[in-house]
Amino acid sequence: MRTVSYIQAVTEAMTEEMERDESVFIMGEDVAWNMMGDCTGLVEKFGTERVRNTPISEAGFVGAGAGAAMVGMRPIVHMLIAPFMYVAFDQIVSIIAKSTYTYGGQARLPITLRAPMMYGVSNAAQHSDRPYATLMTIPGLKLIAPATPHDAKGMLKAAIRDDNPVITFEDRSLWGQSSEVPDGELIVPLGQAAVRREGTDVTVVTVAGAITLGLAAAEQLASEGVSAEVIDLRSIVPMDTDTILESVAKTGRLLIADPAHEMGSVASEISAVVAQHGFWSLQAPIARVTTPHTHMPFNADLEKVLLPNTDKIVAEARALME
Amino acid sequence: MITVDDDLLREMYRRMSRIRKFEDTTKELLLAGELYGAFHTSTGQESSILKTRNALRIHDSMVGTHRSHGHPIGKGAQLDRLLAELMGKETGVNQGKGGSMHLSDFSIGSLGETSIVGSGLPVATGAALAYKMRGDDNVSLCFFGDGASNQGTFHESLNLAAIWKLPVVYVCENNGYGELTSAKDAISVEDISIRAVGYDMPGVTVDGQDVLAVFEAVSEAVDRARRGDGPSLVETKTYRFENHAVGRLPEHYRSSEEVEYWRTERDPLALFHQVLIERGFDEQQIDDLDAAVSEEIVAAIEFARQSPAPPPEAAFTHLFSPSAG
Amino acid sequence: MRTVSYIQAVTEAMTEEMERDESVFIMGEDVAWNMMGDCTGLVEKFGTERVRNTPISEAGFVGAGAGAAMVGMRPIVHMLIAPFMYVAFDQIVSIIAKSTYTYGGQARLPITLRAPMMYGVSNAAQHSDRPYATLMTIPGLKLIAPATPHDAKGMLKAAIRDDNPVITFEDRSLWGQSSEVPDGELIVPLGQAAVRREGTDVTVVTVAGAITLGLAAAEQLASEGVSAEVIDLRSIVPMDTDTILESVAKTGRLLIADPAHEMGSVASEISAVVAQHGFWSLQAPIARVTTPHTHMPFNADLEKVLLPNTDKIVAEARALME
Amino acid sequence: MITVDDDLLREMYRRMSRIRKFEDTTKELLLAGELYGAFHTSTGQESSILKTRNALRIHDSMVGTHRSHGHPIGKGAQLDRLLAELMGKETGVNQGKGGSMHLSDFSIGSLGETSIVGSGLPVATGAALAYKMRGDDNVSLCFFGDGASNQGTFHESLNLAAIWKLPVVYVCENNGYGELTSAKDAISVEDISIRAVGYDMPGVTVDGQDVLAVFEAVSEAVDRARRGDGPSLVETKTYRFENHAVGRLPEHYRSSEEVEYWRTERDPLALFHQVLIERGFDEQQIDDLDAAVSEEIVAAIEFARQSPAPPPEAAFTHLFSPSAG
């Protein structure tokens, strides 16, 4: 075991997979320059053909990733910041998500899109989205949001090896966090949620960086005598509804903490699944702690007004216990 | 000047005839209610489509458009599985999931036709990127229409291919219209090939009804790509004889004289027939080629009709590829 | 009162608003050719400047609509078929949805996007999406799905007069339906659901063309002694949650019928709202009748397997009554 | 050749000085922690930005980019409300909602800067469409970078403007880099202006550090647009003195010699200073202009600092415009 930061874990995953398989390569804006600090050492090891800078042409290079994947490569496409996917949206939806189905299984799309999310850092509306819910509406994509260095490494490696398109939403509020990662090979299968803390009174499901808030809230709730079970969703599609339903069967209460906008959120989807398939376990309403349906402002204090935080989670959880 | 021997001439004619007869058949079956879906035929564009074996090898790939019946045929796909696909059958090349706008055949390098206008250009560019990275000498062929040349993906793809010197040939089939809108009203230049200047790549416009002219231009571009000298843009001026979608939509946007002129004076099959005669073929030889194709078509109809429909569970398969991941 | 088809109602709305206000114009692919039959008479009345054919450049002309709106025009942008919005997605999200907020209210975006939806007609995956749920995740857009000729006219007119971006999802399965529309001016305010049939046992909320199925199901349920209240959502954003919550308070049961894919659907959002704010009224799980999370196949019978229908609604409603 | 009288020279210098001093100040305040956000400054690009009153009227509009501090200033915006915006204050031109990447001022025709690279081109094109439809003689000015010229929106916008003959001037500020990537590695042509050929519109490349050259090229394009003769593409070769984003990111992608060269030899302010002297201004006159600008800056800092922060409820306002609808 070593202590590794999230961003290092991401670099390790890419490095190991590129070493292992020649068909893996990374492309994106300024990746060869290691602009974001997440490609350290890659260009030195693999050269600028396999660590490939692209022009600012998201539709073009995302679609080129799809084409390369269809003939046998395994591209990692670096989106720089998640909302830049909007520029390439049609390629993601109409080509990447749909080709395997439309061509009756003839096409394989082993492509990984890395979509780091920046929010809460005064980048204003155009740069601060957390668009996993937007993409959840599109069948044919696997969506993940690893929340620990361990998962950042193991899930990214699984994503790269997956023969299907995977979009990995890296919450940049986690990039700097460090924790234990085993030496040697590490693969974390996609599609499984992780129980991060066991509890009996209320289930708190967290999405992406909300894990930090969820664990802090659980700590505080514990001091008030409320036992929260904290589940890190990790994989958005496929969604591990079994783990959530089992937990709710035990606790009878559900709160979902999700940094994205409330309407159509992953929080809403989880709520709907439980309201349909876990209804008889519920002893209280299902609470969603999300960002209200408005944009991210530039002003730092205004942004804080909108985003989920520990206090909001604690308050909602308390209300469920009444 | 590329030499075209008799064998090649014969094969070219055969492929054109296959496209023409396939399209005539599909139109008939559609109007008779045996086929369905949004249906865009290639009749009139056969020359423009054709890339016979010398220009393109089996390992080379191509990407098409919504007007796609002809493209896999041009590359050598079997007619029976294409027709079965148009009937939504399990034996269809896409197992009934794709239909008219997505005919494909990965086994012969047809990476599928995509019906979002302009969306295929990045895909073809990416296939070329793979070939270049792997160091094999495959070439990627990319079809798109005049209308598609106004999509942003055109610009981004050509720029990418140019800076990376990718082995890709962009073939713009300019049939004068995007749906009902004349290319004259939608495109800021007369010849789309001039746009190649903005990417520092060769651009050429050829008569799309003259299969030998198309063959020469595309062959040159393919050779160039295969040599590692990068991408090209080839524009073929052609025409679609049928309406945008068969059996749908108004026809008031173009004159019947115009359609008539192209059908009678500029029919690529008739023009090529003429060439064959000039090159010493006799009518019987040509009739024999046509007859063989007709037999293939009859067999294809039979195959498609006899094939089973996919079972209901098939709606759920192929969302993902089976994967260890 | 006259009997008018949905598509005629749409044409009337555009005609009247273009007559009323010179700044209203329509642009899109082949609109001047009346390709879809929904622009009958427009070019004759208003000419090709105001009924403007565009090249196939969705990002370009949707963004141009935004720019024209910012300096005082009121464009109606015809998307032809809803999924073509993916090609213009960044302009819709980053510019149209965000500019009013980002510029602190300086920018007005009175733009209407008409997004007809075709599904169930063998157009295969790329052409058959019903992407209102995808866009619901984006704050700053009003989304409507009128389901009667009356609303098609009155809501489209309200949308055109609205100083904000409105996307109107026209379900083409409704285009051919006719019913009564009043003579003279008709404005239907956005943001209000409509109770189409009153009932006491179960609330059936329908989205877009699902109204047809919902009403047929209610009829059948009535014959089985189950009284269904059918609510036509009409406006997706803003969502009239009050009307839904009131109905559920009365019936105690909720079923949502939505032709879109289940994950992240409007059905899921409605469910989450009720599970959070109407929980104590609920006597049964919340049922969603939607399209499973997979693409639309070309084959007509396979497509039917996936789409909601009356039988599925009846069966689910029955199960709620047990 | 456009004549530039002394008044105009003075005004040009004043605006350049305003941009330079504003940027020097914002950089300082940022590094001192008083400002925040992703921060792209225009230092070095002042000439390229400048469109003084004769070229552009108040009713003409402009659309900028993420590197946007200079653009509204160039069009005559007040510094105090811009600086207040960078501090996130209620008095900010965007009421604290936009920040560094969205400085705007609709009151003087700055329709806002948009930070998604390439996203402003359709918007500027649409403003021009409105002007044309209304028959007024406004012109729309569109700024974008070399990097942005590879986005699909560039292609689609220029084609739209060309076929519709819209009164829009596309000004590409080619500062040699998009983030860390050299234009040479990302763009398939040496001069971006050659891409105008693909749209049948005039395209010209000028020295972006020579304000008079920029002024002349842009004035000509603006006049042409105003006359109803359609769009143009003007490329200004310029350089950003600071890193892509101030205080962030590595600087290893370009040599310090290169930066030094541009700072010392190709500083647009110093070059213009020279011109003014040649045109008969004395140092005192120039100092006076600078001093007046410095005073304006001091006042702007004061204003921004004293301004209140927006109240928490402000997070919820402006999602929609108030509307009867």
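Note that the chains take the letters A, B, C and D in the order they are written out, and that residue 1 is the start of every chain.
To be clear about the criterion, a residue touches a chain if its C-beta (ideal position, glycine included) is under 8 Å from a C-beta of that chain, and two chains touch if they have at least 3 such contacts.
These figures come from a predicted structure and were not determined experimentally.
Where touching is counted per the definition, the chains common to subunit B and subunit C are A, D. Two chain pairs, A-D and A-B, are compared here, and A-B has more C-beta pairs in contact (counted per touch definition above). Averaging C-alpha coordinates per chain places the centre of subunit A 36 Å away from that of subunit D. Centre-to-centre spacing of subunit C and subunit D amounts to 40 Å, using the average Cα coordinate of each chain. The distance from the centre of subunit B to the centre of subunit D, each centre being the mean of the chain's C-alpha atoms, comes to 45 Å.
For subunit C, residues that reach two or more other chains under the stated contact definition are 54-55, 57, 59-60, 83, 86-87, 90, 94, 101-102, 124-126, 139-140, 293-295, 297. Multi-chain contact residues of subunit B (touching two or more other chains) are listed as 94, 96-98, 102, 114, 116, 119, 150-153, 155-156, 159, 163, 185-187, 319. Across the complex, subunit B meets subunit A through its residues 61, 63, 92-98, 102, 104-106, 111-112, 114, 116, 119, 121-131, 133-134, 140, 152-153, 155-157, 159-160, 163, 317-325.
By the touch criterion stated above, subunit B contacts subunit C in their complex at residues 36-38, 85, 88, 94, 96-102, 114-119, 147-148, 150-152, 178-181, 185-187, 249-250, 252-253, 309-310, 312, 314-316, 319.
Residues of subunit C touching subunit D in their complex: 25, 49-50, 54-55, 57, 59-73, 75, 90-91, 94-95, 99-110, 139-140, 142, 158-159, 161-164, 166, 190. Across the complex, subunit A is touched by residues 83, 86-87, 89-90, 93-94, 97-98, 101-102, 124-126, 129, 131, 133-134, 136-140, 237, 239, 260-261, 263-269, 271-272, 274-277, 279-280, 282, 284-288, 293-295, 297 of subunit C. Subunit C contributes residues 29-30, 33-35, 53-60, 83-84, 86-87, 122-127, 292-295, 297-303, 305-306 to its touches with subunit B in the complex.
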